[in-house]
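Structures given as structure tokens follow.
Across the two complexes that follow, subunit A remains constant while its partner is subunit B and subsequently subunit C.
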Partner chain A sequence: MDEPLPEKGPLRVLIADDSDSDRLILQAMVKRLGHDVVAAEDGFAAVEQYRVFHPHIVLLDVMMPRMDGMEAAHEIKALAGEVLVPVIFLTSLSDAGALARCLESGGDDFLPKPYNRIIIEAKINAFNRMRLMHRTLSHQRDLIHARNWQLLQEQEVAKRVFDNVAHTGCLNASNIQHHASPTSIFNGDVLFACPRPSGGMHILIGDFTGHGLPAAIGAMPVAEIFYGMTSKGFGCGDVLREINQKLKRILPTGMFCCAAFIEADFHLNCLRVWNGGLPDGYLIRGNGEREILTSNHLPLGVLSPERFAAAVDYYRTEPGDTLLFATDGILEAENADGEMFGQDRLLEALDSAEEHGSAFDAVMAGVRAFTGAHLVQDDLTIVALEMVEEEALVGLDNRTPPSALRGPASWDCSYSISDRTLGHFNPLPLLLHICMEVPGLRRRSGEVYTLLSELYTNALEHGILGLPSDWKSSPEGFGRYYAERERRLASLRGHRIEFTLHHRTSRDGGELRIVCEDSGPGFDYKDLLGPDEAQARYAGRGLGLLRQLSVSLDFKGAGNQVEVLYQWDYSEPRSQG
Partner chain B sequence: MAIQTRRSEDGRTLTIKIEGRFDFSTHQVFRDAYEHGDQEVIHYVIDMCETTYLDSSALGMLLLLRDYAGGDTARISIENCNNDVRRILTISNFEQLFAIQ
Partner chain C sequence: MSDKPHLDEEALAELQDVMEDDFDVLIRTYIADSDERIHALRTALRNSDTDAFAKSAHSFKGSCINIGAPRLGALCSEAEMAGNEQRLERAEILLDTIETEFKTICTMLENSLES
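The block that comes next holds the complex of A and B.
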């Protein structure tokens, strides 16, 4: 074995004996073995010498005047503290009881008189080995203590950084219930929620393979991308593709993230759900019926960007419907007998949702009752989202504080996308980004995004694709609507959508004029008698929203051109729905 | 946990049989099972008839084997899974990457 603290050269040996002849004989023998010797005539002198001389090994006669060997041994051991200083009694006693008392008083062994040189040498060597081993162990223990303390400090700092990056976003919203273990940073579970600029929110719940720092490190870029892209207005498909690509690039093969991504729209009241590798999620309807949200994708970070599928399942919902997802920590929660909670007990818990007030409370109560006092599992992450009326959701807006920079005041821009780009590119984040260069508009990103997104959706889905919005009013039509949207988008040729933005500032604020023109056939807006008809004919609920947010809204050309005038000032923005 | 390997007579198929729990503790043994095989192997069979449990690090190890065996061109079958093992493979949609029989 390696000897980290080499002990070379002679040992310092303290010998205490009141018999001059015995002391001199022993002193001579030990010196001849090559050690340095200091001698004392009684126990009291031995303790004094110990203080000055710090011997490695102490040889004590049992019976001495002033202070006997046992008391001296006791004092020396107390002075030595944590350091092992072997104390060997020199004795001609043969009574077992007396010998035992020697050891009880703190001695380590005894050496019978008369002395035998070979035994003395062997004992000194044996106790030196023990002394060194003790010292090595103490040293290593201190080292481990120090390293562990350092590691805890580092983790503490790392956790602060991690919490700033991977913050919990809007998980405290009134319609979200969640449980994530406080130590979750090092178990590889992630749970994020972020409001979208247009209202609604994104939720990501995931579980990295492995534990500890590697898993926590993987979670950081996921959080960055999730919060960054969501608040810039990207949809779930774009965010998922970006996260998958990033994880595929940075994680070693064999490490990945099982995750579910939820995009909730409280305006249309619908959900888009992507599940890659998480256990079944549940959509629990107001009447207690359950729909199962099964994993139908590979986890994030496994497939190359070309093969990755970000296709989501659409669910039309009603206020009061609840969505529930958990990582496998729930299914694998163990009781004292090592049994797992499992699927059947989870479903049982969900059946009792009503008596517990919510599906979330029912599952948590079920797991607690099952695991009993045993609930120490640290990888237990669960989230429940209740669908609500848009108006019921308050305090979600993600306002940025006013900027000190002046930013652009007068600017115009025109941006158009055409053909197949319409099918796979979402221009809204880019357009929003341009508008957000104006500091006064930045605090109204939600309203601006809503204007842009309603105009774009109308132009694409109704203007170009010709999808009837009333399909969306029935559950069957809803699915059909999105299926048909995908189908028509795939075969789109010769079409374009053009946005023209004009911005000017005034003394108290400014105005943004947005013109959105599509290449569709338009409609005969002049024949419409009133705004109600236009609303019914053109765009369902979207048009009402546009009118509500803007100063004016006009159809132009063949009805394929919409112009919206939006004014802002430095007062507090209207609260977002 | 134990891992046994068997080569077919023509040397082209390597069967890796995993007994007991297939989890992180199996990591090195599992790698050794296929990394010391020679270049002739073109088809890998993971026999799970005696595998009782599979965790996510085992899924990671399967991905490592897939990479080793050529990534998208790898030919790997996973056979004789019990229900629990099958469920875990299905949740992760590994049938998109492996032939699960």
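The block that comes next holds the complex of A and C.
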């Protein structure tokens, strides 16, 4: 009914009057204005004509037999629905109450008798303008409705894609407490956690500048890189560098991601923390003491790869220590008076951690009590990680999908790195990647990674650098150990580490032989009989763990060559710790 | 009421301009309509139906004003009021006056059509 119409040109006008002479006069007048006219002799006929003729404007006499003007106006307005069809009453009424009733019944105006050509023309034009304006507004409203609906649809799809790419990983682990807004993808906050193949985990909590789809799109490659690289065994420095480089390349100037990256090692019980632009994090010791983890880097996506620093802070921890990070949504949470929660209230909440059971619960309770019912826009992203004994964590799920490819069965490879490359390149992800081409090994990535990493660490730190592992058993020695490691690595000359991998499949599984040879002086392994010696040479779990995972372990040559035989079958692997 | 003219010459001239060739159709329609309305007024009065009397007078008033017969229009207006006030004797007197006035303007209109 609301077909496109030129702004000018003839209108269809319906006239209803029971007086034949009045109808003739009005019809003639409106026709002379250039419009198309249809006339009816009462209200009933007018409604019938309305259905057939679809007039733009209706002129109705008030008093008519069969159906009067007011009732006809009511019916016509109902038929017109959302379309504005102006109804003008033709009347010689002079009583104010009667005139008001005309408008109440749905009429838009009056035209007094005797008819006047000039007034009729002015009224028709005025109401046509109103009609067109109403139509334009209706169109625009419908357009906005349609656009809004489309936008919501797109956001829904985007959210589904985002949730699949940027899943929450192992945030459900027993030692993690977290809160993220259900619509966090559109407030620009990200929170991911992923187990490492060698045990331990990575956590990334971040806050993109900007909101909505742009922030969500920026977050997707971050999730891809974070989960992909962590699962392949890369360390926090490598993952951070990769994310920074990617964001720097894809984000427009002025958009970046404030983030904290946490690498937790539950075996050595230590944390590596990188904070770039996020509010202070806290390491809360078992005795309630707090260490503040202040941002000392620029956010991700700001610096070029050459200038980016992935240096982390090391913290030795004890089971029961808790690490807490939050985006600025906590500090900026507002109460009804527009006040912000702020740093002081956050510290107060942390002081009351004991009463609430955990630092996380204390902070959440503090924010909720402060904002009260005012917390409409939930922008809070907060994560707390409790340090635990390694054994306490089992069956972490990183939701890495299995591959559909068959992969190689029989293969050999040899890979060596030398000199300064030993200092700045970690070959483990590459070696693990080669092994993971075998689908049957993929489910045992944790064990394979542990073998590779123990062999490599021993070859480098003890075989070549000659670092005494017993240093790591005290907090002071721990720092000294890593400082000395850096120092000795920087001056390495003429050294190399070579890995030789050999894989064959059998009917029920396969076997992987790994030989790791270093250029160090070696040691007299023939004396390696008792466990004491093993402890001295291979720190902590080292040798014991290698023996436990493998079928056989042999030292060769001068003691600088270690051969490990690992067998796998298609049964369920042991825990992916 | 007697101060208003029988016919508003200016209004009639404008109607003639608007209606062009249909002007005499209009006048004849008006006269036929008015006959019917006077008949309806008479019937209403005979039935002592003051409401129907007032409504007919109201409609009659509208077409008289439109055609340019102000004196008859004013008489109809008074008749409408009498009907609303349920004054039957007054209505009867007014209806007689209306009939007389209508005959007068009929003659005048027919003369103007012939000329």
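Following the convention adopted for this analysis, the second predicted complex is superposed on the first by the 551 of 577 C-alpha atoms of A that agree within 3 Å, B and C clash if a C-alpha of one lies under 4 Å from a C-alpha of the other, contacts with A are read in each partner's own complex, and residues count from 1 in each chain.
Criterion: a residue touches a chain if its C-beta (ideal position, glycine included) is under 8 Å from a C-beta of that chain, and two chains touch if they have at least 3 such contacts.
The shown structure was predicted, so the numbers you read here are calculated from the model rather than taken from an experiment.
When both complexes are superposed on subunit A, subunit B and subunit C sit side by side without a clash.
Once chain A of one complex is fitted onto chain A of the other, the partner contacts of A:Met63 are limited to subunit C, with no touch recorded for subunit B. In the superposition on chain A, A:Asn287 makes contact with neither subunit B nor subunit C.
Judged by the touch definition given at the top, the superposed model places A:Ser410 against neither subunit B nor subunit C.
In the superposition on chain A, A:Ile25 contacts subunit C only, with no contact to subunit B.
Of the two partner chains placed by superposition, only subunit B is touched by A:Val302; subunit C is not. Of the two partner chains, subunit C is the only one touched by A:Arg117; subunit B is not. Between subunit B and subunit C, the shortest distance over C-alpha atoms in the superposed arrangement works out to 62 Å. Those residues of subunit A whose C-beta lies close enough to touch subunit B in the complex are 207, 209-210, 253-256, 258, 276-279, 295-299, 302, 307, 328.
Of all the residues in subunit B, the ones that touch subunit A in their complex are 24, 56-57, 59-61, 63-64, 67, 72, 90-94, 96-97.
Subunit A meets subunit C in the complex at residues 18-22, 24-25, 28-29, 32, 61, 63, 91-92, 113-115, 117.
Contact residues on subunit C toward subunit A in their complex (touch as defined above): 11, 14-15, 18-19, 22, 25-26, 29-30, 32-33, 55, 58-59, 61-63, 65-68.
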